Every structure is written in structure tokens, then in C-alpha cells.
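Okay, got some structures for you below.
Note that chain A is present in both complexes that follow, paired respectively with chain B and with chain C.
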Partner chain A sequence: MDANATIERGVGFARSSTGASIVTAFGAVLFLDLVAKLAGVSLGPLETPWFGIWFGGDIAVGQFAGFIWDGIVIGVVIGLASIGLSLTYSILNFANFAHGDYVTAGAFSGWAVTYVIAGIGGLLAITESAVNAVTGLGTYRLEDADLVRLVLLQTAPLEAGANMWLSPAAIVIGLVAAAGMTIVLSLILDRLVYRPMRDADGISLLIASIGVAFAVRYLVALVFGANRRIVTSSEKLPSANLGGVIVDAHEVTLVVVAAILMFGLHVLLQRTKLGKAMRAMADNRSLAQVTGIPTERVIKSTWIIGAGLTGAAGFLLVLSQGGLGFQTGWLLLLLIFAAVIMGGIGSIYGAIAGGLVIGLASRVSLVWLQGDLASFARPTAFALMILVLLFRPSGIFGGVKTA
Partner chain B sequence: MSEHASREASLPDDEAGLLAVRDLDAGYGDLQVLSGVDLDVRDGEYVTIVGPNGAGKSTVMKSVFGLTTYMGGEIRFRDEPIHELAPEQIIHEGIGYVPQNENVFAGLSVRENLEMGAYILDELPQDRLRDVYDRFPILEERESQTAGSLSGGQQQMLAMGRALMLDPGLLMLDEPSAGLAPDLVDEMFDRIDRINDDGTSVLMVEQNAKEALRRCDRGYVLANGQNSYMDDGDALLDDEEVRQEFLGG
Partner chain C sequence: MSQTTTDDVLAPLRRVFANDAAKVAVMYIAIWVVFYAFGNHLGYGNSGMLSLVRRVTFLAAVYGIVVLALNIQWGYAGLFNIGVAGFMAVGAYTVAMLSSPPAGSPPGLGLPLPIGVLGGILAATLVGLVAALPALRLKADYLAIVTVAISEIIRITYNSPAFSDVTGGARGFGNLPTSPVETLLLQDPTSPASEATSLGETVFSFAAEYGISQFAVVNTLYTVGVLLVLLVVYLLLERAGKSPYGRVLKAIREDETAAQSLGKDTQNFKVRAFALGCGLMGLAGIVWFAMGPRASVTPQTFRPNITFYIFIALIIGGAGSNTGSVLGGALFASLLFEAPPMIRSIIQETFQVSANPGNLIEALIPIASGNLAPLGGFLLNNIDSLRFIGMGILLVVLIQRKPDGLLGARKETAAGVPLTADTRPDTGRADADAAAVDGGETDE
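Our next item is the complex of A and B:
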């Protein structure tokens, strides 16, 4: 093909889809700029009447890779949390606004268990140091024992924390507890609120779920208090510097656990009878009923699986970020919705992909949004969602029903 | 054969067979659609329900399957009352149902659709799967394709195949020819004939009344949610009144 034909095709594309060509051009400029930044080439400032524009600049490869890793970490956790929302949306036909608070409930219940278990270690240490004080036996001294670690309830910010290295058992059991408690919570709420209105329309269910969201959020605040607190510690936490990217054990744990859970869900949906029934119900609920699929039992399993993953996501989110407050999940909900909508509402693979895109966009955009502009990282993720929807209104995986 | 088709809807009690509907009132919520409907299907029989739009033909079928609001009367299958059972229990009793529209799981593969038909069993019945594949070879060819990618006729076969997975005593078909290209309609009716020849009783609602009455053993004409006529299919076709009123002359 000769150059003229190529140019003609390009001009044709620009004329027929102006929006797409502007976006493509903007993306290309950003990409070239990124390459220039990574190569350390800078041009500018190019004088314009209002301000100077810098092209290129200097950004370390390691720093860029760090943004990508951070994006993957946050993206994976958003993706994991989005699966539950997507499942309830496709199988129960409503947008569950309480979903973010399921994340919070999972995080709090899991970390409370982690603290109690990590605290047992502390309790043993206190006992041992008391024995030491009286008898002089043993090596542990009273000043080494940290009573504050005992219970999450009374922990002041920055005063104590559990971590994967010092108390791995506590973390693992906490993760399981987070999933378990969220499952129990979701089944109770389904029985009390959603099941009596199973055949109601989506709007009524959505409004009910907003009520549930408030109830759960302030119940958590009532029990655990309204202070935000740091619950992990980085004391002796192994971390590796991979070409400038600092990767710590908590982030690795998060990514590995989330990947295992996602793969497990994939196998469940594609290979097991229950998973196929869930996909069938997502496809066509009334047909599922006349086919003989016990719909109520499938709905219960949907809550169990969705809530379990959601609780785990809440726990892992806190593991990687350290902080925990009663609004943690609520603040995440918007990102979760963005991921689910971007991926194609109702598709779990779309939710995972959407989570990754949202996570990556919110971190990689920091390449350009430096200093004060960094607070625009989140809006950038949403802007990207809007862009995706402009060109693919039903989302990345839209129209592909996968449950 | 009588000059006029019978207006008596129910068979004598000693002839009542597989399915016996007596004096059925049913509808949706507060809206009553059927009043006093009688219907029988004997073992091995092929029965069709015809009638104008809105006559309540599909509602009869849905009522048998427990999908409407029951308002009175009797529905007995193999001499057991079934009007209080949920659809999955009715399937267990031996009734298969193929709804009219969107009757396959579009996102599932052909094989998965068939597996769903046997959901209530612990194990997938391999012999039934074999039987369905023998009956509809195209389904075996397209086993791993998604149902949504099949043509209308193939989807109809898949929907029937799914209902046959449990080897039901009675197969209920709601407008199996709807939306099919004309040349496929005959083929579809031939397949239904064969299912019936192999011993499965068939209850069918059809818009294509003449063809349906030609094929069936016995027909019911329904109008305004009530029985109008009942007789052998051919007798109904020959009946002057029925032809004038319902078959367009």
C-alpha cells in the first residue's frame, strides 16, 4: 500500500469519527511523551500565549514501574470487590448500594479476628514477662509486651499493627473470618430485606439497599468507633526492590490471594453444575425456573460466593493500604461501580478487567499529574470510564453474559 | 362422526388419563384469564389448543406448570393434584415445558443448556443425552457453541431437547412454530410427531391452527378464556362453525 492511500484512509477516519481520532491523537501524544520522559528527553518549554508546554521530561523507569505495580495492586482489589456486585446484579437484577459496606464489614470483622489472634501472642508474652518479673526465668520482659496489640477496639492510630511476617497465622485466619462474617451478614440481610421483596422491581431493591448500606455502615461505626486507624505494621515486613519498584509482602499476598480466588471462581462458573446454573439464571431467570433449577438455592449460593469474595477483598484492601475506617468500603463503592460498568454490567470477567483498568488509570496518570495535580488521579480513572462507555456503551465485555 | 364438533370439553371420567384439568380458574395477580377450563391429555395422546389471540391458550399451559395465579378448579397429573406444586416439583412429576420466547440460555453452550434440563438429577443421564443427540444430530455437532449463536430453528430444537432430558411423560410446547421460516415449520411438526410416536404425550399451543389440527389426535378450541369446542383434530377442521369462527373459512 502506498503512502497516499494510507494518508487518505487516515483522513477518512478523522472525518468520519472525529471523537475517536481526537482520543487516538491524545493517546498517541501521551504515549510519545511517556517514552520521552522515560528516555529522559525533554523539549520545551514551547511558548504559547498563555503558558509554556513541556514535552517529555525525566521520569525514572523504576518510578514508572512502581506506578504500574501500585495500579495492579489497587486494580486487583477493586476487581475482586466488583465481582460480588456484578454477581448480585446479574442474578438478582439489582444494583446493591450496600455492597461497599459489605467490604467494610468484611474488613472490620476480619481484622478484629486478626487482632484477637495476634493478641493471644501478646497475651502469652505478657504472661511470660510476668513470670519473668517474679521468678527471673525466661527472656521476655514486661516492657517488651505490647498490650495495645491485644484488641483492635481500643487501638489508637499508629500504635500497633499486625503483619504478614510477625503474625502470618493471624492474617490468614483473619482473611477467612472476613469472608465468613461477610457471608453471614449477607445471608441475614437477604433473609430480612431482599428475600421478602424478591419479585420487586430493580428500583425498589436499589432503594432498599441504600437503607441497608446506612444501617451496616453506622452499625460498624457503633461497634468499632468512627476513628480511622492504621492496623498493619511494616515492622520487619519483607520487601524487595525489583529494579526500583518496592514490592512488599502484603502487596504480594494481596495479588496472589486475589488471583487464586478469581481463578477459583472462573473454574466454578465454567465447570461446576452450580456455576452453570448461576450463569443460566443470569441469562434468563424465568427460564431457569421452568427448567427446574432451584432458583432460591442458587440465589443463596450467589450471596455466599459474592459476599465471601467481597469480605476477602475488604480484608486484603486494608492489608495493602494499612488504614481502616467505617467509610472504607463506601468510599470504594464508586470505584467498584465504575469497574463494573466499564467492564460491562453483569459480567464478572468485565468486572475484573474494569477493576484493573480503573486501578492502573488512577496510578499511571500520576506520571502526568504531579504535585497538586495528583488529586486528579481518581477523576482520571472516571474520565477513562466515560471514554470507554462513549465508544463501547455496553462496556468492555458488554453483551457477553458470563454471569 | 358428528355433524358439529362437540361442545362438551371434558372426557368421561373413566377415560381421563395423564393430565386432567377440571373447571380451572386462573390468571395473573388480580386479573382472571381462564374461567372453567376443562382439558384432558391421555397417555400417548397428541393434543393441541388453538384459538384466537388472547384466548388464554398459553395461560392454560402456564397454569398446569404452576406459573399463574391459581383461582380454583382442579389440575391432576397421573391422578395426583399438582396445582400447589412449584415448577421444579412439577418437572419431577414428569412434565416438560418449552416456553414460547427466549427458550434457551443464550450465553451457555448447547451442551450446558441440555445439562440444565437435567439439573434436578444428581448425575447427568448419559443415555438421555445420547437420545436427545440422536433425535437432533445438529445439537451434537454444535455441542460447544453458545446457544445464542444458533439459528431460530436450532434454538427450538435445543429447547425441546432440554425438556426431553428428563424423559417426561407429557411435553408441553408453547407455539413451537413461532418465528420459524415457513420451510422449517413442517420439519418442526415432523419432529414433534416423532416425539409423540415414541410414546411421549404432547400438549401443544399453536397459532398455526390448521396444521396443528391436522397433526394432532384431539384439539381444543379456546375463546375468551373458556372452552369453545373439543373434538378430533380432523373433525374440528371439517366443522363449518369452527372453520368460520376460528380458521378463517
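Our next item is the complex of A and C:
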């Protein structure tokens, strides 16, 4: 009954596009296999000349829910970071290969601020020291802390108090600083690099952005050192066990903050003329200029929004993953590209959804990629991106521009 | 008067420089002179000097090969491939798997080296074809993202513990084939200190008179071999560029729609150019990593960074020009890659820089008291990072100011006959010239 209709539809689809139907069929098999695995049903082995294939198997619901939660956490970060890339891609018409390094720059600058505030002993201590320094009374506590080590993120995470539970205020300020510093960086780079070549073609801009990526990445390495470090401490961090999924306060913070930022962006673009102007520019820059849209100002707003969210994403990424090195953002870049392409270039909601899909794909694929194959989680996301590009280049939502 | 005499003196020089071979030769000689001067300043002996010059030459030559391969794809066919590292990895890994001794770990198949090299090139071509057939339908920037994703998939596959019996996993392929030079000169090619063959005896005793060790001789001869490969690839591509096939590629580069309207199946030409380029990248990966003095096939080698170095080299030389590619590769490898550490040693020795601050802030604070030494010491110690920052800035400046590179602006016409020659009757031409001089308009 149901199966008949499905088969009929499937046959029609397979006639119209063979490649896409193979991909869809493969996806359907995987889905059925997943359901079987969750239900604990196991068929097989189906003998092939080389090896036996098992259909279904056994996977704990808790473990699967854990993959889903991890996927959402990483997906939200990717989604947040991909908004900026999607905006610059559609409005400035180039694939910004330096975007990953904006993530790194935001993460380092934001955490440096958090470390300084938390390491000195919180806002109260800073105010106290400032008052003491001005009035000349009391102790000047800044001297107790090794500021240089704090700024360069060399203090041990717990000693610096880089933990949501121990110093929430420092983390919030760090988040704002991360966004702010990334915005400043992006505006400087736009002025120096991209503005003089506004009318250049996409490939020239892309090459310039590769140069920017190198310069920014190794500038970060020059200042903060080339070693990868653990930045956050999970000591005394509250966490809950929800049906086998361990959810800690950092992950919850990340998801909540990201959701607030995305909602704020939604309101900003719906309630102001900026969103409309951006859409107009993405369609046709010359026409937008002719109709009186101040294109340079819109470009500036684009960088501000995009870079701000990117810096925040870098900061939040470190909050949940703990590790930070000068290559962190660069390694994330391809996943961000995958998210942008998946959602359709220029679509903000598409980028968010694409980020979630990529995050989920890279974690849920671990259901199949177990043991030695676990390193293929990232290639799975890349492969998904290549498939979308081949069969649906306008993105999974069909390229509806929602900026 | 003196003006004309200098012109007379310079004229033959100019004529020599118009010749591409002379340009390349002068560039290589200049690089050797510069590095000889570096080595001299640092007091290198004969064999130290030889190894320095050999290293630079080797790197310049392998960069030349791979930049030439990229030039076919990007310079001629306009295909923006940033997965170069992946295709080089396929070449190097395949040759290692085919031609390494079966006894080592991971085991190879032990096939003769020529078959292995051919297999490596074919494998890279094949991967290129598989990537190209669907990907070339995409816009240029999508192609870029897809190729870099493919190269990462290739790298992660070689890196994966799942296939470590075949690929060596994260530690890399530790069991590499011996180079032809080793096979010719040594009785036991796997050990550099083994007894020489009769041919090796002659060569080694000749070299020993100049105080050059057996090891250095083998590496130097291998480098000479790589230079020969570069020459062969260059001649092959120059020949291909002048063939009907190359002319269509150049036409596509100038205006794809026009080429299409002349009945050329541009898609087909582009796929072939892509596959040819990928095969040559495989060859470059083989001579660079699978054997010789830098033999080391690990997944870390094939990170996307190396692709971008190759792009910088091509942009320096100028996309679209074979000679430019060779020059760009040599310039990049010598001045941007090998020179900075040498310059660091020279500065450290000359100015006795011993300060070594742990980080930038500690290096900057003494500036307030007028002490620049810590900053100098810090920058010298971090010359690797500085080099990459410099490369990034150079790339931006090049693409803003001189997007055609050194030789890219040069027009290599796609036509078989010279277009500048005037074939019209004299009278008409003269009238047109006169009209142009008068500021009048000639008809189209």
C-alpha cells in the first residue's frame, strides 16, 4: 500500500535524475538501517563475494541521543559562523577563504579578555584595583596577576578561572570582546584588501582572501604561539545526565547564546531596511546603487554582522570544545563552506540549517563509522557538500534568498 | 651619441633576454650565485655548499614541475583547482604502494619503478578525471571548494587507521622505493652507505677528489635528474601549447563562449586539460616526495597549505605562461622558502643577536626603553611565522597590483599565423593609419 506509492514515486524520480535518485536511495537505506539499529533488529549477514553486510544491529538510544546532542552543539557553532560567510559570499560575490581565520582571531581575542578579567579576580577586583590605583589607597591587585601570561592564554585554565560556573561575567564580556575584535579586524581588512578591488572578479577576491588567511593565521601564531592549548576548565562545571546524554553548562550556554544571536539577527533583518538593502545588493549591485542604496554602507553593515557572529562563534566553539590553536578556525573552514553551500549561498536561515545538518551529519555518521573508521566523520560532511553541489547547487532550500 | 652606443651594447643582451631559455637559465644562475654568497658568508665548506645549492635547486625544480601542471589547468583552461596537494598525494602514495619492496612495512608490490611511476601518474589522472567530470559543470568558486574538499578527503583517507596496513596511516608510508640514481650507483640501493657498483666507483672516486661524500653525490645526481624531468615537462607543455589542442585551450582561456561558437566542445577540452594537469601533479608528487633527498610520504605533507604555496608561485610567475611558471616556481622556492632561514642565520651571526624573549609582549616592552634587541631576536626566532605572513601580504599585493605576474601579461596568441602581420593592400593600410593619426575613426 504505502510501499507501492513510494516505489511508483521512486521510479518516476529515478527516471528524471539518476544520480540524485541513487543518493536518495542510499540515504533511505541508511535511515532504515538506523531505525533497525535503534530498535535492536539485526538481519544478515547478506553475503557478498568479499564480506558479509549486516543490516541493522544494536545501538543504545542513549548513545544515539549523545551523537545528536553533540551534532547540535557543533552544528550551532558552524551555523553561527556560516552566516557571515554566506552574507559576504552573496553580497561581495566571493568565497572568503579567510573566514576560518576570523573565527580563530575572535576566539583568541575573546578568551584573552576573559582570562584577564577572570584571572585578576572578576569585575569587582578590577574596579577595586582601578579605584585604588586612582585614589592611591588600598592594594593594587593587578600586580599580583601575571598579566602577560593571562593575555597570551598561557595560564592554566582552572587557575585563570575560565569556566562558566566560576566566572560567568568574564565569559560574557569575553564573548562581546570576541565579536568586537573580529568586527574591527574585518573592517580593517576590508579597507586594506577588499575595498580597493571591489570590482574585481570572484576568483581574484578569493585569491586575495587566501593571502589574508595566511597573514591573519600566522599573525595569531606570532602573538599567541603555535602550540595548541586547552583553554576552558570543566572543573566544578554543573552537568546533567538526560537519559544517557551528558549535557554540561558550557554546551547549554553555547546553544542558548547562539539561539539568542540568531533570533536577534532575524529581528534586525526583518524590522530594518538593512535586510531589504542586502537582498537588493545580493541580486544586483549596480542596480541597487542606482536606486539609491548606499552600497558601501551596506557592505560595512554586512562585515559588522558577519564578523561579529563569526567572532562569537569562535569564542563559543572554544567554550564547548576546550581546545584552541592557531589553526582551529582554518580546520573548521571547509565545514563552514559545506554549511553555506548546503543552505544555499546568501540565505541566512539556510546557513543556520546547513550548519545543523553538517554538524549532525559529522556526528550521526559515527553510528556507521565506528572504530578505525571514525576519522571519516569529516569527509562525510565534505561528501555531503559535494553531493549537494552536484545535484542541488542552489542549496537544500532551493536558493530562496531570505537575508 | 652615448645614448645610441649604450643601445648598441644592450641590443644583443635584450635579444638574449627575449629568449625564454635564457631567462630561465639566468634565473637559476642568479639563484645559485645568491645562495653561494649566503653559504660563503656562513663559512660553509665544499660539501655544505653543495648540499645548500642542491636543496634550493631541487625545490625550485619540483615547484617548477607542479606549477607547470597547475598552469595547464588554471592558466590555460581557467580551472581553479585548489586540490593540488591531493593529486600529488595520489601520485606519491601510488608509486610507493606499487614499487616499494614487499618486505618492508607497509609492504609494497615490488613492481619495477617505471611501472610504479606510470601507475602513479595514471592514478592521479584517473582521480582527476573522476573529480573533473561532475565538478567542471560548477562555477569557478564552487570548483575551488570541491577540489579542496576532495584533496582533504584523499588526505584523511590516507591518514585513516582503517587502511594503515596499506597506506601506513598517520605515520606515513615508511617504506619507499629507491631512486634510479641509487639503483645505478649502489650495490644495495636501500642503504646509502653500501658498496658502489662499478659505475658508482668511478663517479664516487671522481667526487671524492673534491671532498664530496657518496651520499651528496647520489642526492646531487637525483636533483640533476629532477631538473631534466622539469625540462621534459616544460618542452612537452610548450609543444602541447602550440598544437591544435593547446590553441583551443588558449582560445577557451580568452573567451569560452567564442570558442564554443566556433564549434569546439569546450567541456571536453577542459576535462582533458584537468586530467593532464592532475597526471603531471602526480608526477611532481612522485619526484618530490616518493624518492630522492626529500623522500617522505606522510599525510601531514599533503595539507592544503602546499597547494597555496604552489598558487603563490604561479601567481608570481604569471598564470598562462609556461616560462613564467618555471620562473615563479624557482623564485618562490628560493627567495620565499629557502632564503629566510639563511638570512636569519646571517643576521644572527653578523649582529650577535642572542636575545630570545618567550613572546611578543616581552619583546615589545623593552622598546619603551629604546632597546630593540629583544624584538629583533623574537622576530628572527619566529621567522617561519613571519615568512607566512609575508607570503600572505605578497599574495594580496600581487593580486591587487600585478595580477598578471611576471610574464602572464604576455600574449601567447592562439592563432597559428602571426596576427600582427598586415595582409591588406598597402594603400588601404596607409589611409587607415593617416586617419588614425588625424584622430579620425577607422571603420570597424
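In the analysis below, the second predicted complex is superposed on the first by the 328 of 403 C-alpha atoms of A that agree within 3 Å, B and C clash if a C-alpha of one lies under 4 Å from a C-alpha of the other, contacts with A are read in each partner's own complex, and residues count from 1 in each chain.
One rule holds for everything that comes next: a residue touches a chain if its C-beta (ideal position, glycine included) is under 8 Å from a C-beta of that chain, and two chains touch if they have at least 3 such contacts.
Fair warning: this is a prediction, and the values are worked out from it, not measured in the lab.
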Message: Tell me which partner touches more residues of chain A in the superposed arrangement, chain B or chain C.
response: C
- request: Once the structures are superposed on A, label A:215 by its partner contacts, choosing first (chain B), second (chain C), both or neither.
  value: second
Task: Could you tell me if A:291 is touching chain B, chain C, both of them or neither one (first, second, both, neither)?
output: first
Query: If you stack the two complexes on chain A, which partner ends up touching A:277: first (chain B), second (chain C), both, or neither?
result: first
- prompt: If you look only at chain B, which of its residues touch chain A in the complex?
  reply: 65, 67, 87-88, 91-92, 97, 99, 102-108, 112, 115-117, 119-120, 162, 166
- request: Using the touch definition up top, name the residues of chain A that touch chain C in the complex.
  value: 94-95, 148, 151-152, 154, 193, 196-197, 200, 202-204, 206-208, 210-219, 221-223, 225-226, 334, 337-338, 341, 371-373, 375-376, 378-379, 382-383, 385-386, 389-390, 393
Task: Can you check the complex and tell me which residues of chain A touch chain B?
output: 273, 276-277, 279-280, 282-284, 286-294, 400-403
Query: Tell me, which parts of chain C touch chain A in their complex?
result: 80, 134-135, 137-138, 140-142, 144-146, 148-150, 152-153, 156-157, 159-162, 164, 308, 311, 315, 359-362, 382, 385-386, 388-389, 391-396, 399-400, 403
